[in-house]
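Take a look at this one; I'll ask things after.
Going by the order they are written in, the chains are A, B, C, D, E, F, G and H; count residues from 1 in each one.
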Amino acid sequence: MAKVGIVMGSDSDMPIMKKAADVLEQLGVEFEMTIISAHREPDVFFEYAKSAEEKGFKVIIAGAGMAAHLPGMCAAIFPMPVIGIPMHTTSLGGRDSLYSIVQMPSGIPVATVAINGGVNAGLLAAKILATSDPELLARLKAYSEDLKNQVEKKDARLKEVGYKNY
Amino acid sequence: MAKVGIVMGSDSDMPIMKKAADVLEQLGVEFEMTIISAHREPDVFFEYAKSAEEKGFKVIIAGAGMAAHLPGMCAAIFPMPVIGIPMHTTSLGGRDSLYSIVQMPSGIPVATVAINGGVNAGLLAAKILATSDPELLARLKAYSEDLKNQVEKKDARLKEVGYKNY
Amino acid sequence: MAKVGIVMGSDSDMPIMKKAADVLEQLGVEFEMTIISAHREPDVFFEYAKSAEEKGFKVIIAGAGMAAHLPGMCAAIFPMPVIGIPMHTTSLGGRDSLYSIVQMPSGIPVATVAINGGVNAGLLAAKILATSDPELLARLKAYSEDLKNQVEKKDARLKEVGYKNY
Amino acid sequence: MAKVGIVMGSDSDMPIMKKAADVLEQLGVEFEMTIISAHREPDVFFEYAKSAEEKGFKVIIAGAGMAAHLPGMCAAIFPMPVIGIPMHTTSLGGRDSLYSIVQMPSGIPVATVAINGGVNAGLLAAKILATSDPELLARLKAYSEDLKNQVEKKDARLKEVGYKNY
Amino acid sequence: MAKVGIVMGSDSDMPIMKKAADVLEQLGVEFEMTIISAHREPDVFFEYAKSAEEKGFKVIIAGAGMAAHLPGMCAAIFPMPVIGIPMHTTSLGGRDSLYSIVQMPSGIPVATVAINGGVNAGLLAAKILATSDPELLARLKAYSEDLKNQVEKKDARLKEVGYKNY
Amino acid sequence: MAKVGIVMGSDSDMPIMKKAADVLEQLGVEFEMTIISAHREPDVFFEYAKSAEEKGFKVIIAGAGMAAHLPGMCAAIFPMPVIGIPMHTTSLGGRDSLYSIVQMPSGIPVATVAINGGVNAGLLAAKILATSDPELLARLKAYSEDLKNQVEKKDARLKEVGYKNY
Amino acid sequence: MAKVGIVMGSDSDMPIMKKAADVLEQLGVEFEMTIISAHREPDVFFEYAKSAEEKGFKVIIAGAGMAAHLPGMCAAIFPMPVIGIPMHTTSLGGRDSLYSIVQMPSGIPVATVAINGGVNAGLLAAKILATSDPELLARLKAYSEDLKNQVEKKDARLKEVGYKNY
Amino acid sequence: MAKVGIVMGSDSDMPIMKKAADVLEQLGVEFEMTIISAHREPDVFFEYAKSAEEKGFKVIIAGAGMAAHLPGMCAAIFPMPVIGIPMHTTSLGGRDSLYSIVQMPSGIPVATVAINGGVNAGLLAAKILATSDPELLARLKAYSEDLKNQVEKKDARLKEVGYKNY
């Protein structure tokens, strides 16, 4: 049973949304990925959002750019956490996406991550599920340990070769 | 039969939305004003937007602040013009509202006016209707003539009393 | 008889303005496209804007970049709706164009669409005309249906091939 | 046993943080509120963040303004979700707080809510816990229902008294 | 014969425009002040701008706020220097006015001063005229000397009373 | 005798500054171009600015990027008009240059043109000199007429070939 | 012998500059405070900056607003560290001051603190001097300890009275 | 014994951090460069920052991008000056890094240089050490003299070949 719904308004968002999916896969979290547009097919979207709970979703990750309404409209319907990923945009650098997602009115929160923050959206979904899943929490800790090791290796290499040869 | 639907997500937007209503009344355009939240009552909102055409609406004026989804979601459902009014906001001065309304993706335009531009939203709705209503067009021209006269009077007074006494 | 005037201040805006024209053509709306600069040939511009109504224009689409005065000056003279397209700019990403177009003073609205929003400007013009043209409204609904189908196809393909092969 | 840690860097953030606490109390979620500064007492902060898991925290809500490091540093240490509230600031309107909280690097997500979004932070924490607590989920749904009713009452009053008397 | 035309689109700009007039008066430069709106009375405006040269204007100072077109439209018609004053605005702090005035396309410069920079607009007009008027140049030098003296007096007072009593 | 001083802080600004020089040459205005850094050689700069008047300069065009102090420091010393060109910058798009040049305190105006506005700086300098030089004014009018003709030719070509072949 | 020069371009900056002075006094660091304008009295300013080293200054703290040139011009002349305080401004919130101070070109650094960051400027000056003054370093550590204690007291009070009574 | 610690959160910051190292080397200042992440290895970071004083560091240069916490967290622990370099970022141009570094709360200053200002960070560190090291001060003066000579050579070449051949 899928635990996380990943939804994007356009397949141009796929390169960022894939990162969320990859992290979830790596952490052993089931997910279902969907392309759906709240603007172009509002009926389909409504049906999706309303049935998300009974499909077993505990978290929805929604990515969108420009006047990004998809995460907020998910949050208006789905009763559990919605994570929003603001997409980078050419003209405004993603500020439009960011403001459209994070500045939600009182009562309908969207858990917003960084512009193009696909990896962090996946991690945040996993952390949410880990509040009641000790094994997932352990895998998340291992993931963090791995990040730490990568930095330590880089520093060791710097110390070894010197900054001019790095 | 109402021609213009005026809709706002919160009654805190009323002081701005009233200006749109006042202009429409002054120009003899029928309208219906509604408080409805796409976020807090998505079902009610959907019903409203879907039935707007059969209620006789030709234009919808939607005002919203922050992550302002109401105008864009109206435009996703209602097939005729939607005018968006971005509300001023304390922290971001209304940039959040503006970007959330004007930066709509291809296919779903929202005719956006200035931040807090209630009067202009009403005028734009009237201009839209005036494309097929010569009498309304005549009233709009008289409205513009009146604006012109007000400026001329101010200039005349300046010329008379001098800038130090203005 | 042309219904929509499309005007741009510089032929460098053509790639965006063409999109508006293409949509109008696709929807069967007559239009006339003109290059005219309110700054470089104010007399020619004034004559254009003043004669627009008698040429049968019901809507003007005006695109401009930087200190974009063309849409606002059209709106100062032409009594029916003016749609403004803010052009993307290298240094400010189109914020200069957007603010110069959307922040119109009370009394002279410009219906502003997204930065580089050529398609949406064309659609908005058609929606305005559709308020009194049921056949055009039907074509607009079909256009929207087509957009919806495109998204559904993409989602079907995603479901079929999986996100890794998308 | 407390489920949610609420932490702020300065007691000047209290008016916003109280809103998160009030929502949690209303929803029956236990929490512990602390004033702690990652900048002024890094040792105390480290101890706090490291012991948060064993104290039973499942979520931390951290509010901070300006160069807001508290939420991100909590997320660097605490393995479960951290919610960040960017505080409004006089000079930059909270953009500094927002960017310092939401633009986290890959690997360390902070679930960011709106500037001054205390209520939404509390709700988001509850939604996170509700992914494994059906009773809390039911209370959240009732909370949403209540929000919906409030809007409907306002609209009913508008319909009754008219916009001029609203 | 007036040398400087001072023009504003709205009498709400008067407090700033007065400062330009006061400086010119102090420096013995003749000027004529006018309230005229390029948006609300384009014909009147065109007549004004076209006749400015024959009225003897050598410089025009134009102040405007929001989508501030007045300075740019003056520069499109009047062949000598146009100085633009961007007015402070509530929502965008005058960024809208500034961008609408300073970001002029190639060929039509507007000499832009600071947001609400009425004094500097007056001084700049005087400096322009001083390029061919040695007596005015002498008065400008005296004006600068006076500014210098004011700062020196403040520093002397600081040295005398100490910063705690300043 | 040179009438216009053109000064830049770094030869990386040359591509923009050249445009100002080219316009002046085209209009028959003598100028002298200098590379001088107010930051790296303040003594040299001071000497330059102080001797500018006696060298016969009537206007200084100063270009600078980032924390652009050169135009403002010229204006602090040279008593006649200083025109500032804000250079585009990679990180902030030239906002830093623009604010550092246009937001001058009361008493020391800098006539600011658009970001990278080299042509307009040259034209503005010529317009300033034209306030006392009828022949230069005539050349400026011819220059404007030429700009107008260029636009008209483009429109004629559009009308001839149609927008699809433009 | 004064170790720190505190300089401001206008006495309107005094409320912020006083905070720097107060911190230095509290830490036992000698300073000299001066009002001097690089724009209004460039000769006086140059003399000040050139003689700063021989007066014994090791650090200069310079505060300025809008197109804030004072810190950068100090750094162009004085060979030791210059600390810049960007002043809050009404229209741009201090972004103009911040960019004008922090975005210095390569070769002439200004150590920039937060907008209106008078206290931090004083502390930073003391920290710079403390690199060669162990007693001052000890006083700085005590100062930090005191900040820590203040936060701990607030947290203790919160724990005692509860957040509702705080 | 190293005098300056250079620390970065990611080796992607190396091209900028190298510039700081190169300047220090050129000026004969010893330094130690480290890759350490406050977010990914908070324990390692804490140990680093706490031991920095006893390692003999007098200054720390910390570079970071996005929600850049590294400089501020160094400043929370290390008692002497911390210099922050905000990294350029794709979406927000480095504004996020800049605000996260410069907008530090009262009590914990970070000496912030320009976005990507690696050279200036190195110079500022040297200037700080030069407050108690006359020989280093002399080398810094020679460095500045060299910068001056470079500009003078460029101007001489411009004078020789003319701007068209430059």
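One rule holds in what follows: a residue touches a chain if its C-beta (ideal position, glycine included) is under 8 Å from a C-beta of that chain, and two chains touch if they have at least 3 such contacts.
To keep track of the chains, here are their UniProt names: A, B, C, D, E, F, G, H = N5-carboxyaminoimidazole ribonucleotide mutase.
Just so we're clear, the structure is a prediction, and the values are computed from it rather than from any experiment.
**Q** If every step must land on a chain the current one touches, say how few steps get you from chain B to chain H.
**A** 2
**Q** Any chance you could name the chains that touch chain C and chain H both?
**A** A, F
**Q** C-F versus E-F: which interface comes out with more C-beta contact pairs?
**A** Spelling it out, more C-beta pairs touch across E-F than across the other pair.
**Q** Can we say the copies chain E and chain G touch using the same residue numbers, with more than half in common, or are the two sides different?
**A** different
**Q** Among the listed pairs E-F, E-G or A-H, choose the one whose interface is a repeat of A-D, with over half of the contact pairs the same by residue number.
**A** E-F
**Q** What rotation angle takes the CA atoms of chain A onto those of chain H? Round to the nearest 5 degrees.
**A** Roughly 90 degrees of rotation.
**Q** With chain centres defined as C-alpha means, what is the inter-centre distance between chain B and chain F in Å?
**A** Inter-chain centre distance comes to 41 Å.
**Q** Between chain C and chain E, what distance separates the C-alpha centroids? Give it in angstrom.
**A** Roughly 35 Å, centre to centre.
**Q** For chain D and chain F, let me know how many angstrom lie between their CA-based centres, rounded off.
**A** Here the centre of chain F sits 51 Å away from the centre of chain D.
**Q** When you check chain G against every other chain, which residues touch at least two of them?
**A** Within chain G, residues 10, 40, 66-67, 92-93, 95, 102-105, 107-108, 110, 114-115, 144, 147 contact more than one other chain.
**Q** Which chain pairs here would you call touching?
**A** So, checking each combination of chains, I get A-B, A-C, A-D, A-H, B-C, B-D, B-E, C-E, C-F, D-G, D-H, E-F, E-G, F-G, F-H, G-H as the touching pairs.
**Q** Over in the complex, which chain F residues touch chain E? Could you list them?
**A** 58-59, 79-81, 83, 98, 102-115, 117, 119-121, 123-124, 127-132, 137, 140-141, 144, 147
**Q** In their complex, what parts of chain D are in touch with chain G?
**A** So the residues of chain D touching chain G come out as 10-11, 14, 17-18, 21, 33-37, 40-41, 44, 66-67, 90-93.
**Q** For the complex, give me every residue of chain F touching chain G.
**A** Spelled out, the residues of chain F in touch with chain G are 9-10, 38-40, 42, 46, 65-69, 72-73, 75-77, 89, 92, 95-96, 99-105, 107-108, 110.
**Q** Per the contact definition, I'd like the list of chain E residues that touch chain G in the complex.
**A** 88, 93-95, 114-116, 144, 147-148, 150-152, 154-155, 158, 163-164, 166
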